[in-house]
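Should a chain be cited, it is by its letter among A, B and C, assigned in written order, with residues numbered from 1 in that chain.
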């Protein structure tokens, strides 16, 4: 164990991402803070446009121009990484932080054999020879469960099925043994039957290596089955963060409540007369985020205070919720 | 894959058959070659003697087969203008054209790809924008004006480079070549640049837009996320994917280069088949025109075939049959 | 009620006779034109050149093709210089025979523009007709037309134009060749470019021919000729206009190239390309103006038409390549 064990593996503080546009400054991520511990899987959940993927991209410094980190800090293992230059960030990517994207077909270069893509990644980060890199590539393929890996190491992406491709992508993300992995919707593009396999593979690999994972998804089922803790994002802000079981079973933020109620449990699914509890309205676009709590126009507990002030994070049970309902001072 | 190759070859054969037909029709049915050669004062005896020598008093079908069989052996009859066998004239002049086309093609492809990659990577840079704006004007300039402009600047005003001819030619592969001497290479520069400039601009613009497209793809993003260096991403990953659509265009541009060699050869008095063709058109020298048509037609068909086959080599997705067979 | 009244008001407004100019001014094309400096400058340059060509006999200070007005002593007068023989001022100088360069350019422009426009017109009429027939009738007619187009498109159009020019020359009696040269040029360039019109028109026709109103017209027994003319032709004219503008620039360049090579407009009726061919001979002897001014005129013409074509393509049909 290193000296850094006292610190969390990943620490994100007050992260703000801005996009300057002709119609004004957009903030797709607006003051988000969270930690991820070693060997822990943090789920990040929210609707599309809530800022999940942009948070992930901001951590590894891969925001699409003209988006930029406006303020906030990102620490990895006690080192600040949000202010690194391009070369510094490049050394973090792949070596310290592995990334898995949504669509395994488009994530792989169609013209290079997968073995070459694995080997080049290993050679960039670990000072090893071409032959050693190829051995490592083969070992990585075996580890992610590619059958007959020795024969398929020189195959191209289009020669694999969707699930196998995503295994290759995981092998690519993990080949330089990063300490932290960002998995952005890793199973969304896959068949339902393959999703569980990929998630359990990801989970077992990370537990084995004591890797921290940030698992971005919009699927509450994936959250409930795979993650240790969960962060709920709404309109670029953190609505609630806490142990998965607590958030799923007794959500503190009205938005999380709505989200859980809108996701049927297996027993509920068996009930034919089930009516899903939809939250009325929809998440605001980035151009018209309301003042105060961004959720207030849709909230059934809305108070005057919610319309004027942005709630900070308050403890609610084992979790923290950004909702005035949990403001102990106001309640007393 | 085999079916693909066969289909391409069959298409090429069809094009050649049609070109051969046009070529023969011209050769047989057009104009009065005897009058062209002998002038209007010729005697009947003169005419008969020349008819025998040119073989245009035989039945049409015989002439057709003779033409096609001859063409296959590089036999195209006798030039009306100077009564020399066409094959001899062409054999003498073809190397000069091929050399010019080859050098221009390489110039266009190398600079086109390099500038295209540069303008794509430094998308908003000053120099990249300057290159893009200049290229827009370059596309509107007729080839012969570019040639004249280059002659004016580099030959007349600066006196750096020769304005016409091939310079000293040595022997390469048993043929005269300008690439063997310094004066020959100097003589090649202006014609090659003139001929290749338009194609270079075209390739550059195409490479740029394809490259920008590729740089937006997921696998480039993923390559960044794996911490690969910019150089590896741009050249190993982005460029190879960019070049697939570009190769077709480059292949088709070879045809354009050969076509515009006619213009460039005239401007620079380059002794190739292009200037031969223009003289043939001016003097209505049908056998030379017909031979040139067949020659250029075959060249285009071969080039298109090579481009199609290159695809198979570069793009593994087209080799699916082989891939599936191996597993 | 309220919505009804506003819609009838809108109808009344639309029905009210608004001046044609006013409607044209308010159209999308005009808006985009007013907001594109490149298009405005190109249009002005093009318009000046067209006016110069049309009114060449009025504008030209001399008639360069009337030998009686030429003064050989005025030969090789520099721009803005006075002729040695006549003492007259020549703005752009004179050539070896004392011909006023400015006047020859105006007449050359006239010939270049005439050939370019007629060639595009010829290509458009031929291409649209064959495209409509191929798209509407299909079957073997379509197969033949499109195969010919496929083979032709393999070859660069400048080569085809040269070849057709050569063939046509072979078919015309030698004594008529110079006289016929301009018409031969028009046909050669037109025949080398019809393919592009035919391809676009064919695909638009196939789409259009499947629509209800064409079925209806067929059911009430209208003849194919009438259906093609009244229903299909107006629907394919948009893209044809764009292609025509783009190919006008190409036709002008093609004509200049052929004339420059000596297989185009004859020296007795010189186009800009012929003038450049003549001027090239004086490059080394220092009479730069004989070459420069015709070249600049050609460049201005080609560039302005090209830029206008680009602009029109973006405005009318962003999908058209």
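The rule we apply is simple: a contact is a pair of C-beta atoms (placed from the backbone, for glycine too) under 8 Å apart; a residue touches a chain by one contact, two chains touch by 3 or more.
Small disclaimer: the values here were computed from a predicted structure and weren't measured.
Enquirer: According to the touch definition, list the chains common to the neighbour sets of chain A and chain B.
Expert: Chains touching both chain A and chain B: none.
Enquirer: Counting only C-alpha atoms to place each centre, which chain is farthest from chain A?
Expert: Of all the other chains, the one whose centre lies farthest from chain A is C.
Enquirer: Please find which chain has its CA centre nearest to the centre of all protein CA atoms in view.
Expert: Chain closest to the assembly's C-alpha mean: B.
Enquirer: So the centre of each chain is just the mean of its C-alpha atoms; given that, what is the distance between chain A and chain B in Å?
Expert: From the centre of chain A to the centre of chain B is 54 Å.
Enquirer: In angstrom, rounded to a whole number, how far apart do the mean CA points of chain B and chain C lie?
Expert: Averaging C-alpha atoms per chain gives centres 27 Å apart.
Enquirer: Taking each chain's centre as the mean of its CA atoms, how far is chain A from chain C in angstrom?
Expert: Going by mean C-alpha positions, chain A sits 59 Å from chain C.
Enquirer: What are the residues of chain B that contact at least two other chains?
Expert: none
Enquirer: So in the complex, which bits of chain B are touching chain C?
Expert: By the definition above, chain B touches chain C via 14-15, 18-19, 26, 30-31, 137, 139-145, 148, 151-152, 156, 163, 255-256, 259-260, 262-263, 266-267, 277-278, 280-282, 284, 286, 289, 293, 296-297, 300-301, 304.
Enquirer: Quick check: in the complex, which residue numbers of chain C touch chain B?
Expert: Against chain B, the touching part of chain C is residues 151, 154-156, 158-159, 162-163, 165-167, 169-171, 249, 253, 256-257, 260-263, 276, 280, 283-284, 288, 291, 295, 298-299, 302-303, 306-307.
Enquirer: For chain B, which residues are in contact with chain A within the complex?
Expert: Within the complex, chain B contacts chain A at residues 217-219, 221-230, 232, 236-237, 240-241, 244, 314-317, 320, 323-324, 327.
Enquirer: Quick check: in the complex, which residue numbers of chain A touch chain B?
Expert: Per the stated touch rule, the residues are 60, 62, 86, 90-95, 98-99, 101, 103, 106-112, 120-121, 124-125, 151-152, 155-156, 158-159, 169, 172-173, 176.
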